[in-house]
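There are two complexes below, and they share chain A, which is joined by chain B in the first and by chain C in the second.
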Partner chain A sequence: MSTGPIQQLLPHRVLLALMLSLLAVTAPHVLHLPPWLSTVLLVCGGWRYLAGSRGWRLPNRWLLLLLTVIGAAGVIAHYGTFIGRDAGVAMLCLMLGLKLLEMRTRRDTVVVLYLGYFLIVTQFLYSQNLLMAAWLLLTVWALTALLITVNRATTPDNWFPHAGPAATLLAQALPLMLVLFVLFPRIPGPLWGMPEDEARGVTGLSDSMTMGSISELSQSDAVAFRVEFDDEPPPPALRYWRGPVLPEYDGRTWRQAERPDDAPPATERLGGEVGYSVTLEPHNRNWIFALDLPVQISIPVSVSGEYALERRSAVRERIRYDVRSALNYRLDPMLRDADPENYLRVPDDHHPRTRALVDDWVSSIDDEEALVNQALNHFREQPFEYTLRPPRLDGDTVDQFLFDSQRGFCEHFAGAFAVMMRMADIPARVVTGYLGGEINPTGNYMIVRQSDAHAWVELWHEGQGWQRVDPTAWVSPDRIDLGLGGAVPEGDNPPALSRRTPSWGRTLALQWDALNAYWDRWVLAYGPDMQRRLMDRLGLGDWQRMILVLTGLMLLSLALLAVLILWRRPARPPDPVQQDWLRFCKRMADAGLPRGVSEGPRDYADRLIRERPDLAAQIDAIARLYLHLRYTERGSTQQAQALRTQIARFRPRTQRTQT
Partner chain B sequence: MPFIKPRLASSASTPVHQLMRRADEVILGKQHAIQQAVACLLARGHLLIEDLPGVGKTTLAHLLARLFGLQFQRIQFTSDLLPADIIGATIYDRNAGSFHFHPGPVFAQLVLADEVNRATPKTQSALLEAMEERQVTVEGDTRPLPEPFFVVATQNPGSQIGTFPLPESQLDRFLMRIQLGYPDRAAEHELLRGVDRRDILRDMQPMMAQEDLLALQRQVDHVHVADAVVDYVQALMDYTRSSEQFHSGLSPRAGLALLRAARAWALLEGRDAVLPEDIQQVFVSVSCHRLHAVGGTPGQHEPRLATQVLDNVPVP
Partner chain C sequence: MAVTALFRRMGNRWLDRRLGPPVQRTRLAYRRIFILPSRAGLMFAALLVVIWLGAVNYSNSMAFLLCFLLLGISMLAMLHTFRNLAGLRVQAEPARPVFAGDEARFPIRLDNPDRRERAALRLRRRTGTPVILDVPPGSDIRAHLAMPTDRRGWQRLDQFLIESIFPTGLFTAWSWLRLETRCLVYPAPEAGPVPEPEGAGSAATGKRLREGDDDFYGLRRYQAGDSLRQVAWRTIARGQELQTKQFTGHGADSTWLDWDSLPELGVEQRLSRLCRWVLDAEDARRPYGLRLPGQVIAPDFGAEHRDRCLRALALYSA
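Right, the complex of A and B next:
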């Protein structure tokens, strides 16, 4: 079979390794590339592979030009631009595929590999989790091994021997990576920060609540935030993580109040304080979650009139903050600014059946507390059921829920209860957030998941302020003690990680979460704030000085390296053949026949054969190979391999005892 | 017994090996010296034999000329020898009415310069310049010397009275300096009992065509020198340069000479690549006369010290 230059460029094994590595590099991108582009990539790779292994023809220059134009037009048609994360990555992938089709020389191969490196970096624009980092590290390793293979002066016949040096190279790059990681100026917000890119694929609470909105969220195992308590965590009944507060009701939906500049209400701490740190996952909203009721927090936040904590900008990267909360508190006892009417509003033409029921209660009971208990007892006495799969409610949701379906999730109970209270002239509002949290024994921190999302009600009493009432707890006390998984009926299929039954899969998942938490805390959380704090502590205030230090460190390490190299001055990197030979000499020395300092290899082998005729054949073969490899110009890598294996198998001592 | 399968075994029947065996039969017990002399010839170098009178220096030179079929000239150096006696002179030819160049004895393929240290430095340098340039210039005319051109100079040890030791710069022109030494007892016994060497020489037939010799010389250039060997040569040179036992170390020219000699030696061993052992075999002969030991008369300590260099420098 005649082989063209294309086939000779890379031996089959190396070509295969290259294609598989590039597949590994691009595979995670397939999740967000348009399918046609993934197909184009696969076809290009396959074509180039067959060109290398079967001698297929590569496209000529004009066809390539045409393909480039069509591909670029396709990207434009799909994204409408070349700019931005998604379009940019798509363009890069397209270019990689097309470059493969013109990979004819060693230089092209190197360009392809560099493109591969670049694509690896772009993965971090999508995901920065531990698994992805590990995967990408593997691909970097593979590409580096291939880069070494391709750059060898002789024809590369296999990439495998270069995996070791590639790992060494990566290990050597580690200190530099750490220095850059710590010192390189951090830019606030995610890289490539395009507004439309950020909001995607993040789950979390919304700024309004209708019946059914939170139960959707409950299907998600995703972590909302993690908490490390300074001391013991509070009991389950007090693990209410306060989020957005929804006082506005239009008959169907509860919303946040549109009173942006309200001063925070007065609070009184009544003891039972806990301190803890929260690592909040990005959720693209401004809310900051903390245990009822936060009194001190380490990051700048604004406190709304409803006592909801908000950051000035949306949480788009993982943040960490320290909080102190008072478990016993009095919130806004005077209802200072707002008219209590704001918390009594229910549209007149809604919920007639509920209104009739409440009116009935009000006519017979005049004590506020008794009214509240009456409403709560109503939930308990009637056959209400707490379920993840409430029926859809199309008409008057509150009436339907209270009188017909009687099956609901927390938002049903909270919403209906708040409506009833308002009808009974008791100021009420809905508070959303999370209830509970699971202690991870590995790492000893608490995980709060999206499935822990919850809604409850706050009622205002003159002199006592806003007090939390959770109607769900009356219906299903297990929701508090056992979490979602323990509270919903058998057939409801709560998300796997919300079930509290122990299993090895669960343990593993928790350990994995602990590992991720460390990763988040020590690697990903190192953002602009942390960097600034560290730099302040090191006395390197501004980024100009940081750059100076960085440059200085770089120059210093280069100078050190140069001195080291000049000092050691190895004429060439140590010859692997020679290293094998020295190993052989060491074995013989261990067997009592060391090589003289000035003894040439042939003389030494002659002497060894005279001394150890039992090993003559082996020594002869090894010495011949060595002399051939080291002193003639005809040595091949196969022979070097043969020498290595022969020496590896050479055991002078055991040999003697056998014979 | 060599185990590296040589392309030409030591018992090989190539002309050059047969030739060396034949030489061994004439000059008994001097295989190593003969092989070095042949290597020197193959490497296109010149040979200096330094030893006492009567150990066979002249015989060796004559023998080589005979066996290689080279045109042979012998110049006996004396204190009154003039440069013209070596390179020739332009003499007025009365019959032709013009000047005519009469080539001197240096116009031969193998020139034996016997007792070269007996002549004055001026005469010595005339020969040495011819050796280096491989041509002579007489009154403006440049005349090439024949090819191959091989000078074997013999020298009595410098300590003898009435000699002009060759200056170090001139010694450099010789690729090798060898010593013959007394034959061992058995060889001497045979020598004393045997036929007169001069008779043997007279009857000896060439064993090799000149083209073959030239081809061998060209082959030497193609013997491979690996980086590892160069490293070794450099290590040896570094050692002589940093050692306090020598006034000065080996020059780069000495390093080149060492490699050239080792190439020829490797070829004679039947290999097309130089091993460190080849360097070791020729090191003393090539480097000895280029080194200048501290203390002692020139030539007194150098051979011993050169051997020490070999012992102390590790083979990489």
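Right, the complex of A and C next:
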């Protein structure tokens, strides 16, 4: 196996640029690759680099095959599969590394570059923020510059001369990209199943609630959704974003009802309507969040018997929808068809101490409203504490919370309160969602984060329907006004952005979020729905017309770009010495002795001397001066000046008449 | 097999019609240039399809962005590749004569009048190795197309191809050209020991003339083709017209290289032998004349004389 051609394939600096570009392409992947694979990748790159620069030997075919088998086995051992997002990316990275080890021809290099392009796209399965957009442009630019370098058979020893043309190509491609992005017909995905690991790392509410489940979620600063209000946002006390409703209780866990085919309950709007748009981050569940109580929504959703909004498919991409909510409403005043029993169920053998307490209340109070207040006041009178770090409860959670620990997060208060209400024969259910939201002054929209996750209770009263009661607000009114960061004790370490105290870093974070919000709203959320709405607004409703416009716009942009690209500008005027020489040639041509097409300066001068012996001395002097200036490095400005004056004085036509 | 041959013939005939009669110089106009995706380009298209499918499946906007960006780049790559050829001026230059069996080298001048470089152009004939070169902006460059020769006479340059995959390698642009240019092919000089020409026996073994032994015997008016070394520069300086110095070798009898002295050989062998004799005599700087049926070249020597004789041999027809 000879190393010669390997070293000649790519000049040292091109090879270095290739390795650095691939490093830039794979760098973000290192975050989710197993460390051993990152190491393998680095070793492969280093090996190939040394093969090119120091003449190291590349592995032969058998060793390579062995490495492939071991690597693939490693990936399968680590992920249990080699399909799906994480394992797929790992396999691609492995392939890239091994392909580097057999990069012996120009074609191999092209394959490596294509793999690089493909690895860029896989990164977007993990993150799509604005930084990634910059990274996309940068890496595509670097890979394209290398592609140009590699495809130039007369390769110069550097890639740098092609960085400019690559940037030009990229800049010219941007308008085409925009046209295609907006108008190319979008098909709703997914085309094939999404493996489980897609959901990993996506935070959001779950379909059940146990003590501790929401406080865990609240540790995250991640954005749940962003909201723009048509007018003023509602006051903080009314910013309850309704999510999954949990009426089923088994003594420990609150769950969604298993009656999916229930018709939506009757509602009455009692005024206080607000309109707003929500850009919802993917959370891999079907729920759609809206302010209590949504009455109108721009996307198709189903409304459950508990009045929870759900989409048909899970929200796996960022979506955007417009909603109108009635802040004053009456929900299901007749509690139709269902018997209230569903909302009174508490397993008999649970929470004996709580039951005793409630029985005690019930025996002395017979007014429902007074009972509710009694329970709420109980939270306020007893030393209950609202904390993000409640103690772990192992036994009877409600009894332990109410009588022993008395420290809890929203789910503790909501869960315990709902249990008490049910014991008092008041229909109750737990509603989860988000409470609050922070207005970002840059961009004037509201950010709702996972740290705003919340649980509250709805109680049903005859004739009034379901009414929201938030026991947490009784314990900690700050939770509503100041958000999580202002409500929990300092030592709880709430996520940084949930604190509303102004700071330099926080302002910057909010501005960055505003930028990303625009990016999310106009670029990332642009999918089949948004495209259809935009096309309707533009009057391009049916897809044939859309394709027609797409084709037309593409042809137009291409035609404009073609003019720009194919516009043939004459070469730059040559240097002054060359211009003087051309003037000399012109004079001789006027005198009847044009320069031959392929005649060099010396040959031309010799011929002129033969044809015009009368001018021999002048011609010879001019030619020698010109050749000296042009083809040696030693020409001085005085000599250039001398050439100019000599040629200026040179008059072949008049001189002929003199002789 | 027969079908592909038929197609190739049809293709050639079509190309012939399209190329038109050979010209001496031409410009690569738009309609002369063909462009198609290369194999790497098809691979790239497959890559784009895969990225697009992924983008649809994961409803991933940035994957769409990348897909469309790369699609845009590849569309533009077509224009850039096309531009790399369009407007290039191509001109055939006179080829230096060669002996039969040697490679004729046709100089092709590529002239780039534009401000942009034309990089990595490949010139090749239907067969044979390609020549790869760059033409810097506003300048010209010579490529030499080699073509094997097997018989004396004029050899034309057959059609050839200028192609380019620059800049991205996704497309191949090419243009077939047929230029009016020909190369004079001298007969192959006979190899090995050959008999001396008649009447040269003594001279051949006798003293050979070396440079400096020549006697100057006069001036004559300069004629096109005279060696520049023999131009009488001093007379120019005196303001007289261009003159050529004439020399004669002393004591050298001129030799006649005679067609009729070789009756035992066939036509080509005779020409081969004569060719060898011309070269030997020239080597020995011995005046020689050439006698062919219907053509006589008076004794002389020197590069021009030799070329005249060789040309007569090359173009001899019975």
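Simple rule for what comes next: the second predicted complex is superposed on the first by the 473 of 659 C-alpha atoms of A that agree within 3 Å, B and C clash if a C-alpha of one lies under 4 Å from a C-alpha of the other, contacts with A are read in each partner's own complex, and residues count from 1 in each chain.
By our rule, a residue touches a chain if its C-beta (ideal position, glycine included) is under 8 Å from a C-beta of that chain, and two chains touch if they have at least 3 such contacts.
This structure is a prediction, so every number in the text was calculated from the model and none was measured.
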{"item": "Per-residue contact with chain A, leading partner among chain C and chain B", "value": "C"}
{"item": "Partner chain in contact with A:56 - chain B first, chain C second, else both or neither", "value": "neither"}
{"item": "Which superposed partner A:79 touches (first chain B, second chain C, both, neither)", "value": "neither"}
{"item": "Contacts of A:575 with chain B and chain C, given as first, second, both or neither", "value": "first"}
{"item": "First (chain B), second (chain C), both or neither touched by A:598", "value": "both"}
{"item": "Partner chain(s) touched by A:229 [first = chain B, second = chain C, both, neither]", "value": "neither"}
{"item": "Touching partner for A:630 - first (chain B), second (chain C), both, neither", "value": "first"}
{"item": "Touching partner for A:151 - first (chain B), second (chain C), both, neither", "value": "second"}
{"item": "Partner chain(s) touched by A:620 [first = chain B, second = chain C, both, neither]", "value": "first"}
{"item": "Partner chain(s) touched by A:173 [first = chain B, second = chain C, both, neither]", "value": "second"}
{"item": "Touching both chain B and chain C, residues of chain A", "value": "571-572, 597-598, 606, 609"}
{"item": "Residue ranges of chain A touching chain C (in the complex, touch as defined)", "value": "107, 110-111, 114, 117-118, 120-121, 124-125, 128, 132-133, 136, 140, 144, 147-148, 150-154, 162, 165, 169-170, 172-177, 180-181, 184, 186-192, 194, 198, 316-318, 523-527, 558, 561-562, 565-566, 568-572, 574, 597-598, 606, 609-611, 613-614, 616"}
{"item": "Touch list for chain A against partner chain B, complex", "value": "571-572, 575, 578, 597-603, 605-606, 609, 620, 623-624, 627, 630-633"}
{"item": "Residue ranges of chain B touching chain A (in the complex, touch as defined)", "value": "1-5, 224, 226-229, 231, 272-277, 280, 310-316"}
{"item": "Of chain C, residues touching chain A in the complex", "value": "40, 43-44, 47, 50-51, 53-73, 75-77, 79-80, 82-83, 86-87, 91, 93, 109, 112-116, 119-120, 122, 132-134, 137-139, 165-169, 222, 228, 231, 236-237, 239-242"}
